[in-house]
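Both complexes shown next keep subunit A, but they swap its partner, so subunit B is in the first and subunit C is in the second.
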Partner chain A sequence: MEQNIDQAKLNYMNKRSRKILFVLFLSIALVMTAVISITMGASSVDLQTVLQVIGDVFARNDAITDIQRDIVFKIRLPRIITAILVGMALSNAGLLMQGIFQNPLVSPYTLGVSNGAAFGASLAIIFGASFSFLNFGQFLIPVFAFGFAVLTMLMVYGVAKAASDSSSTLILAGVAIGYLFSALVSLVKYLSDVKDLPELVFWMMGSLSGVPMAGIIIMLVAITVTMILMMWFAWDLNIMSAGEETAISLGVDYKKIKMMSFGISTLLTAVAVAFTGVIGFIGLVAPHVTKMLIGNDFRYAVPGSALVGALLLLTADTIGRNIIAPTQLPVGIVTSMIGVPFFLYLIVRKRGK
Partner chain B sequence: MKNNQKRMLKWMSCMVLLGAMVLSFGGCSASQGETKAADSKDGITVTDTMGREIAIEKPLEKIVTYNSGLTDVLVMFGAEGTVIGRGDSVPNPDPSVDVPTVGKWNEPNIEAIMELKPEAVFTYAANMTPENEQLLESAGIKCIYLELTDVSKATEEVTALGALFGNEEKAAEFVKFHDKYAELIEKKLKNVKEEDKASIYYEGYTDYKSVNKDAGGQALIAAAGGINIAAAETAKYPEISDEWVLERNPDAIVKLVSSTKKIMGFDLTDEAPVKAFFDTLIARPSWSNLAAVKDGKVILLSSDVGTTALGSIIGELYLAKTMYPEQFKDVDVNKVHQELQTTLYGDDLVGIFAYPTKK
Partner chain C sequence: MELSVNDLKFGYTKKTLVVKGISFSAQPGQLISLIGPNGSGKTTIVKCLNKILTPTSGNIALDGKDVKKMTAREMARRIAYVPQFTNSYLSGSVMDVVMMGRRPYIKWRVSDADVEIVLAVLKDLELEELAHEQFQELSGGQKQKILIARALVQKPDLYLFDEPISFLDIKNQIDIMELARNMVDKENKAVIMVVHDLNMAMRYSDQVILLKSGAVEAAGLPKSVLNQKHIKEVYGVDTRIIEGQFITPTYGREVSA
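What follows is the complex of A and B.
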């Protein structure tokens, strides 16, 4: 009996070590991808120039031009950080939603957040001139997108609460309200002038370029705070993944954790969409990939999923920036083109086993 | 004998077929873009943007338009009254008359058009299906594609419209004005060698969306004597890398501002929002290091002078003056614009069409 317990402990320790190792491996892979990414771009700034630019911070190098310095520090670095943060935000939002709804098809966008945000953005893009009195300047689109993303979530929650407050009601309400906002976006597009359409279409394909420093800081704070919360409540989330009845019988405050998860995933999605537009796929697939590789335990899945999301989005953006440079492919297109085959491969491999 | 007759019949059929082919080839020989106009005793014949020959008996009196660029031209001709229906985004040429809208600008409502019984419909070819075209034509309604989107075809298209609306004099007046200043640009730049031509980064309404050699913006750049840095890109409207623009370090930058932003264009006179827009543009990462910014060769152009058939000559002048300030120091583009306004419409010019401007 004691031997069996020892064996189980050993197995657990082995699995735990493997998961920790995997998270460590992902961290190293992310750092390496970021290093590769910063040396690649449409300009001639390559590895050697990047090293010279970094060296220039410590000892002035006159061979380095201001433009080269800015390409590294003001263009590529912020974009890489944005890709990492948005990948983390969308992936963790998806992980949380799939966990609490016990539904593998749920993503940050299932509950209509992206459609709500898109409607907010479309109002700002098409009727921006009418809102100039608000003096939001370059933050008009993010503020509107964020505001409508949150409004959508409140509507979904309100409808679900008025009904039965069950997970399936919430998803149904989300899908329905998502369709409503999608129709409203179509209406705005239909009524808009041809001159404004490209900007809206462009926003709806997602872009990681030109996110202001304030946006990066907001995303960083949101992700840090929510990740701490998710790790703090990781056990509760693990139990909730087993279903409502089990969670309640094991003493988890189901409603409180569900409400919190709902709030966290809304915040993460809304913040990401507000600054970068609609980037699909990451929030659905990155959590799945993580769970396929290291299981459902939130203590490892939270950092794991954040890293997988960041890695996937950063890789996609690096390809999008370089494949037909200097023209850039919208990141949403590349994400699906590289992510879908990888995801299908993992499904086949897992089912095959 | 019977065989001989059959052979003869075959020969004759072949000759007739050949003749028909030659004739039809001749009929189609006006390639796309060669807009032509001709008056004859039997009526008016013009070739539209798609290279189709349009023949009408007398100047048009009742039309439906889905082409927003046509409004200015009709006002110039004094033909506002001909519009009996318009697409939703087409400005009403005569606000004193309630002209009904008949569908969205890119989705002509065939039923509504037929009910109005116009003589012709002006729309973009891409938005008219062959089936709908046939339906309208069979109801005696001409489909005319004079698109006014390519500034290099502005004079040909306006001439054709002059014939169709019976105001060839006004069209000729515009063409004369246009050619006078197009020649001025050519004359001023004739000594600029190819290698000394200014490189320019053209940005449309959306950030970092540029144009390649096939897009409308290219014609504007070429007419102003510039070299488009994104001309070789595959996409017609490519999203260009910000770092690439920095490295290419263009001699000049032009940014188009949509009239829907309501900061530039006719009747807008407050410079503060235009200045704020301009300051945000040049404050992009590292743009302060660009030659164009340092040399003051960045210009905002209103869509009224950057993309329209009548206004594009003004856009070309602004662009040429930005790229070659020395050669154009004696040209006050705002004055030329005022002259155009007086020539075409007989009134004063009010609005901001370029920023910043130099006398």
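What follows is the complex of A and C.
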């Protein structure tokens, strides 16, 4: 009998090691994908050139042209880093929301945040001149998108709270408020000058290019801080998924953790959307893939989902950049192409249970 | 360990109280059943004991210490709660679910001792085979036992059960009542349980508290509380007691051809 316990204990430990290995494996996969991605693009800058360009930073290499340098450092590298950061932010936001609301269909996208942000961005794009007194310069669009993303989350959470917090209300509120903002975007489009429309349409399809350095730093800080918090409170978050009563009876400060989760998921979603526009489904698909791979324990799922999100978005963007090169497909289209079938699969599976 | 509840009142609004001044105490080695019709305040009382709900007034003390002054973690080490059976969204393996019960002791890392405690409890309940199964794929009875296992690994002094047997078949009902009885008799713990089945309450409780509209109608030994007069008063139902078991009028008739 003792042997049984030892065996079961061993199994448990093995599973734990396997989870850690998975996280390591995902990290390696991400680095490799980044390396492949940096060598792919409309202009032929291959791996050797990339390495030369990077080497050139340390020891001047006259064979490298300014154009090659710019392609690597000003175009591809920032874009890859942006893909990684945005993938991480959206995925972890989704992971947190799904855990807290005990509903696998909740994500930044399904809660209408993207529509809210799109409305903010549309105001900034179409009526930008009227806001010039704010002196935000190139940050006008991100600031507006961020502000409306936060506003949307507050509205959705507010409605759900008024309806006693059930998680299906949350999705319904998200859909309703999402529609409201999408109608408002249409209104702005209708009122706008034709020459401003392309920028708005482009923004709404999501793009990982041209994010300013300051934007990358803001995202990096937001992701680092929130990941530390999520890891620190990993046990509490694990238990939150068992519902309010169980969480309280197991000694979790339910209200505090819930507020923190609201804050973190809002921040992560808002920074990601602010700089890159509407990129759907990463926040829904990536956490699920993570849970299938390494389970629900936040201690492993937090780094896991960040890596899966980064990997998925980077892959989607690399595909989008190259599939019909030199034309680039907006990444939002690629992620939706992959995400929608997966979303439907989740609904069918949930109903089937 | 002694739990004392003094003039406990609770209402969702100030005007309408659901629990209207309840007092009782619980000691180690006691199984106390809370009985009463739907809406009589049983579950509310249990949730107040556990600080899931904050009482409107009154006092709850554990060994003389007001529970309001205890931290959530401290509470969780002394009182475990098994919620009313619902098909809750709990994913992960049985091990993961039971391990949650160690949360009051775990800082971040799960120690070998935590794993051993979980496995030992599963073995005691003869559930070790299920350790690596997915919780969602278990039957209702198994799920309920796993939730009890989760309470057991908390190593508390007091267990609160909210209708642990309401949705289970007769075999699982008896298993769980025997389990509760074991915790009381062998481990000298206290159990407070919300039950609907009068016969189960009669057989397994040391004390019964019969509630009507948020107030105590009768309290004491099962046989003195659970009698025809009280049942008629509280539930409005006529019963007969045969050999200590309640019998209600039967309607079953042979169908004649």
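What we mean here is this: the second predicted complex is superposed on the first by the 315 of 353 C-alpha atoms of A that agree within 3 Å, B and C clash if a C-alpha of one lies under 4 Å from a C-alpha of the other, contacts with A are read in each partner's own complex, and residues count from 1 in each chain.
Throughout what follows, a residue touches a chain if its C-beta (ideal position, glycine included) is under 8 Å from a C-beta of that chain, and two chains touch if they have at least 3 such contacts.
All values derive from a computational prediction rather than experimental measurement.
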| item | value |
| --- | --- |
| Touching partner for A:Thr152 - first (subunit B), second (subunit C), both, neither | neither |
| Which superposed partner A:Glu245 touches (first subunit B, second subunit C, both, neither) | second |
| Contacts of A:Gly295 with subunit B and subunit C, given as first, second, both or neither | second |
| Touching partner for A:Ala234 - first (subunit B), second (subunit C), both, neither | second |
| Which of subunit B and subunit C A:Thr82 touches, first, second, both or neither | neither |
| Contacts of A:Asp66 with subunit B and subunit C, given as first, second, both or neither | first |
| First, second, both or neither for A:Val45, with subunit B first and subunit C second | first |
| Subunit B and subunit C contact sites that coincide on subunit A, given as residue numbers | none |
| Subunit C - residues contacting subunit A, complex | 47, 50-52, 71-77, 79-81, 83, 88-93, 95-97, 100-101, 103-104, 106, 108, 110, 112, 115-116, 119-120, 122-123, 128, 131-132, 136, 154, 160 |
| Touch list for subunit A against partner subunit C, complex | 1, 4-5, 8-9, 11-13, 15-16, 102-103, 232, 234-236, 238-239, 241-246, 248-253, 291, 295-297, 299, 353 |
| Sites on subunit A touched by subunit B in the complex | 41-45, 65-67, 70-71, 74-76, 126, 128-129, 132, 137-138, 190-191, 193-196, 198-199, 202, 207, 209-210, 321, 324-328, 330 |
| Residues on subunit B engaged by subunit A in the complex (per definition of touch) | 68, 88-89, 104-106, 204-209, 230, 233-235, 237-247, 249, 258-263, 273, 276, 280, 284-286, 289, 303 |
